[in-house]
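Shared between the two complexes below is subunit A, which has subunit B as its partner in the first and subunit C in the second.
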Partner chain A sequence: MNKGANKALFYMFITFLGFVFLIPLIYLTTTSFTSRIELTDFPKPIIPKFYHDVEFQWDNDNNRYNFSRLNNDGEYELLIWGDSEGLSKYLEEKLNVVMTPDELEDEIRISKETGDVVHLKLYKTVFLNYTKFFDVFSGAGNAFKNSVKVAIYTIILSLSVGGSLGYALARSEIKGKEAIGIGALVVRMFPTIAISVSAAVMLINFGLFDSMIGLAVVYSIPNIGLTAWITKGIFMGVNKELEEASLVFGATKLQTFKKITLPLVLPAFAASSMYAFITAWNDTGVALLLTNRNQTLALLLYNSIGGTSSIHYAAAGSVLLITPAVIFTFFLRKYINKLWG
Partner chain B sequence: MNSTKTKKPFFKSPYLLVLPALLFYSIFWAYPVFTAIREVFTAIDGGGFTLDNVFALFHDKKFEAAVTNTLVFALVSISLQFVLALALALIINRNFKGSSIFLFVMMIPMAIPISAVGVIWNTGLTQYGWLNSFLDITGLQAILEWLGILDGLHLWTDVSGMNAVMFLILIDTWTVLPSVMIIILAGLQNLNKEYSEAALVFGANRFQTVKDIVIPIIKPTIITALLLRIISGVQVWLISVMIFDFDKVPFLVERIVYYTKFYYGEEAYKLSVSYSLFVVLIVMGIAYLFLRANRKAERGVV
Partner chain C sequence: MSYIKLDNLKKVYNKTIEAVKKFDLEIYKGEFIVFLGPSGCGKSTTMRMIAGLESVTEGDILIDGKSIINLQPKDRGISMIFQSYAVWPHMTVYDNVAYALKLRKKSKKEIDKVVQEVAVVCDIVQYLDRYPSQLSGGQRQRVAVARAIAVKPKLFLMDEPLSNLDAKLRVSMRTDLKRIHQDLNSTSIFVTHDQSEALSLADRIVLMNNGVIEQIGTPNEIYHEPDKMFVAQFIGSPPSNFFTVKVAKKDDKVLLSNDDFSFEVKQKQKIQKVLLKDDLNKEIIL
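Entry: the complex of A and B
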């Protein structure tokens, strides 16, 4: 009878739920497209605005342009005055509008000639905050590189050490399998921060403190166990007869592994790598304790908190930081469901 | 002899594949754990065995607050998150068209790096931040003011003591709700649908079915979810530091970092390792319960 209406209501509810859940993230993205001048606007729009309504008026007595912007209350608010050179700089810094002084002069010259007010719609350079993020926060470029580096090291360490452990657990008779399983679980649950104090001392002894390899070692602690667990399940699932057949037909062990086993287990390795990537890429706490000058991107953003005038750049950096993790989560969603996050 | 004949040479032994992991964990995990424990029980001047460092813990001004905050955080947050996550998991488990997209959307917050979470809430909680903007745009602000709950634009970070802990629980819930939901969902998907359908046929309502059929059957999963959550709940600190800064709303792990990061010298170091041991003991205690519950569940399922 009322099934259609019920269904519509259900989907409305679901959409609303998803929307509310994502509100913080939507606002972060909006902030990353916000200019300095809009930071003090209230209320802030949910969807970002990509242009400003502005007016220029030539002031003959003082020989300069007066510049006003349409504010949230619908009034033109006088912000600054000056020549086109100064205004061009102001526009870039405060309004995210990039225009050379000559281009600006061309647009507003009429006001000088006729004395009229010139109304303009100035479009923002959309990704300006994203490029400026790397200028405003010195070391952001390096931090970005460090984050990529530490993620790659973590993947290599976790896959090589964890993968071979997983293979051994799946394929051969070794003593103490149960102990290894419990050990891996304990290590995975173990609070990393609690050993990072003594881990710092250890890393100093190895000369790895404040280095990305040192960080990767600590990130690999929970991830090797996890990788072993994932790959063990997959190696057990791979048909052993297929491998034996390949051996019978004269392939070497290495060839068999390369041609038969590896293609079958590749998805598991991909999933493990993404897990390792996310662990390394997302971490802030361990990096805070184990690095000094070599920051990762996440740590840099942690340190940026508190600076209110550059928060729109930090928001852009945050979106950069979030994007890969969200993309990988999309690919991992089936695995996560099986592995409980 | 026969036995030596079947023995493989060492380089072909499967133990060779276990060796890297064993070495890695002995050097980079067991050794730091061992040194940390040794540090807790040795005197500052490099002397012999002592319990002074453990007692120093109880003399730390913020110790009690840290313990209370951590416990309240862990217990209240899992209760809240469990109820919400169960409701969400039950919705997604209905397998409606588009439920996998909805699941992904709900999973997004758990992928967000915690420092980005910090940026999000730091832009949100100020007087002219996005939270107040959102309330204003949707008209909720007017309603809340009319109800007398809010009085003008609220500065959300202006809370202290237990209220601050409750506030952090709400923020934490947004981030970790997905991970609780996923565990429960995995349990629900293994559940034989016929049981709950039978209950519905025999006249039970939805709430009764969930309470009397679904929850008892997926109990092992629920216990897993709760214990894993308590383990991470006990380790909360970064979100508190990012919103309130160090030393304002103390937590156990926050103390570890605080004494490592802001103090130099032997005494602070000893304090931080003592706090570390304290946290490790709590976590391992819960992990033990987890293992026991898991084993019971395995035996029970068959």
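Entry: the complex of A and C
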């Protein structure tokens, strides 16, 4: 095979892979901007539409407006009839268009006066699904806060305990070092959900059930081992002479750790904190078992997706769930690049 | 009077491994001392004990008459150049050189003055804003030197500083190090396993093997009058020849002979006498 064909195949493969990863995300994002009425549209647009083409016609016999919308097949489909008040409500609920009855009346009065059809382009309120998400699912705001809290606690716990363990495994001469290291890793080998029941009992005993700290403790269990192993490798990679030089040139041991060792191992901590964050942020199963009223965002979404009529709100919630994780990962990327880039 | 005194120094690892068995040395101010010896002979360990990076098992180290073995490395008034240079990769060259001065709470102006000064001495002025990863091995080495001289130490320690450089650079850095030593009139200890470095740099060489000092002397003494067989073996390129000979007395002559040749000792009476004592012994000459 010649070089060109090889290259073409390669790019085809890459594009295919890209789509495999991206299509669900695109679908989700698009859905988070769609209104109730568009959910049933087929085919679904890749790029969300931000307006509706609609027409209003005054129906003299029944003393009401008939309202139709241009659907995907290019036909105006009669959806509902009523006065401007009823229509305003309908627009907000089903089309994500926010208009007061008076504003609407101003726009469509011509039809009443002349009997003509009024064509309008109605713009959606772009982030209506997102604001609605917080309205419809009571406690979504709290759940978001809970998620942030539990993620931060998990990062702090796994980094402080795991990082210290990693340092000890790399630098000290304790007996049974290997066993401790492997033990920390073994904990990672089974899913956290497997220990959830016993964890629940223990958390209840400690009074930490249904609290974010209790949840963070459970999330930290697998991450401590992982962090220990990541940081152990990096601590071992730091040339001892760098620290010794610092000692010789006037620093105490603590200053040396702060000014020399820590900056050099920062990428490892960045990577570990990313793993810790993702564990805490993405989990639903453990949270389901270990919390009661204090839901996390992921758990709330898990519960909300069941209601089919609100799928567009759930999509908005999902995007809200994904975005912080993406931002956090991209923010840390530059540190992690220093390590493996 | 001696400036630095190493008194009966001993280092034992894990209670069993004797890295340094007995080390006695007096160093005078302004001297350039080289610790020379094969790998694992304890020369680096000795240096690290002086630096405070290893604890001392037995013995004492005195600088200016004061014992320093219970002081932290930072309080010993020494500076060190490491084999790997140990230039901190996350700091610019400027920060590397200024590190020790900042820790000593010097004013910004003072620090800047010193840094610029040593940068000129070490020829790194144009690299001050760079990071070590952007420098070559030789340039990094000079940064390490600049950092070491910035603190104006009582004693300069160099742990095989040239072994990571290419052959040509090694020779020119050697000259630079010696020049800096002379310019600053500092006292230096230099560890190496490279005899040409030792012979060219040292005021006095301390030749070590298996944790003990084999001989202390000027390069000339070490080269021309080795005390022990090990010294003779170690120094010289190509190495010295050794022959196993029998000592015999024929008439008035003292003969050294083996299967291939025989050699008459005509020199001083003293040597003849010594030889005759160990009659018919296996003897080794150089």
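Following the convention adopted for this analysis, the second predicted complex is superposed on the first by the 306 of 341 C-alpha atoms of A that agree within 3 Å, B and C clash if a C-alpha of one lies under 4 Å from a C-alpha of the other, contacts with A are read in each partner's own complex, and residues count from 1 in each chain.
Basically, contacts are C-beta pairs under 8 Å (C-beta built on N, C-alpha and C of every residue); 3 or more make two chains touch, one makes a residue touch a chain.
Since the structure is predicted, the reported quantities are computational estimates derived from the model, not experimental observations.
Superposition note: with subunit A as the common reference, subunit B and subunit C can be accommodated side by side. On the chain A superposition, the C-alpha centres give an angle at subunit A of 70° between subunit B and subunit C, rounded to a multiple of 10. Of the two partner chains placed by superposition, only subunit B is touched by A:Thr40; subunit C is not. In the superposed model, A:Tyr167 makes contact with subunit B only, not with subunit C.
In the superposition on chain A, contact is made by A:Phe10 with subunit B only, not with subunit C.
When the two structures are aligned on the shared chain, A:Ile260 is found in touch with subunit C, with no touch to subunit B. Which of subunit B and subunit C touches more residues of subunit A: that partner is B.
Of the two partner chains placed by superposition, only subunit C is touched by A:Ala251; subunit B is not. By the touch criterion defined above, A:Leu242 lies against subunit C but remains apart from subunit B after alignment on the C-alpha atoms of chain A. With the two structures overlaid on their shared chain A, subunit B and subunit C come no closer than 8 Å at the level of C-alpha atoms. In the superposition on chain A, no subunit A position is in contact with subunit B in one complex as well as with subunit C in the other. Per the touch definition, subunit C reaches subunit A in the complex via residues 51-53, 72-74, 78-80, 82-84, 86, 88-90, 99-100, 103-104, 147, 151. Subunit A contributes residues 239, 241-242, 244-252, 255, 259-260, 263-264 to its touches with subunit C in the complex. If you check the complex, the residues on subunit A that touch subunit B are 10-11, 14, 18, 21-25, 27-28, 30-31, 40-46, 157, 160-162, 164-165, 167-168, 171-174, 180, 182-183, 185-187, 189-191, 193-202, 217-218, 220-221, 224, 228, 278, 281-285, 288-289, 298-299, 301-302, 304-306, 308, 311, 314-315, 317-318, 321-322, 325-326, 328-330, 333, 336-338, 340-341.
Listing the residues of subunit B that touch subunit A in their complex gives 14-15, 17-18, 20-21, 24-25, 28-29, 31-33, 35-36, 39, 91, 96, 98, 100, 102-116, 118-124, 126, 128-130, 132-134, 136-137, 153, 174, 178-179, 182-183, 185-186, 189, 224-225, 228, 231, 234-235, 237-238, 242, 253, 256-257, 260-261, 269, 272-273, 276-277, 279-280, 283-284, 287, 290-291.
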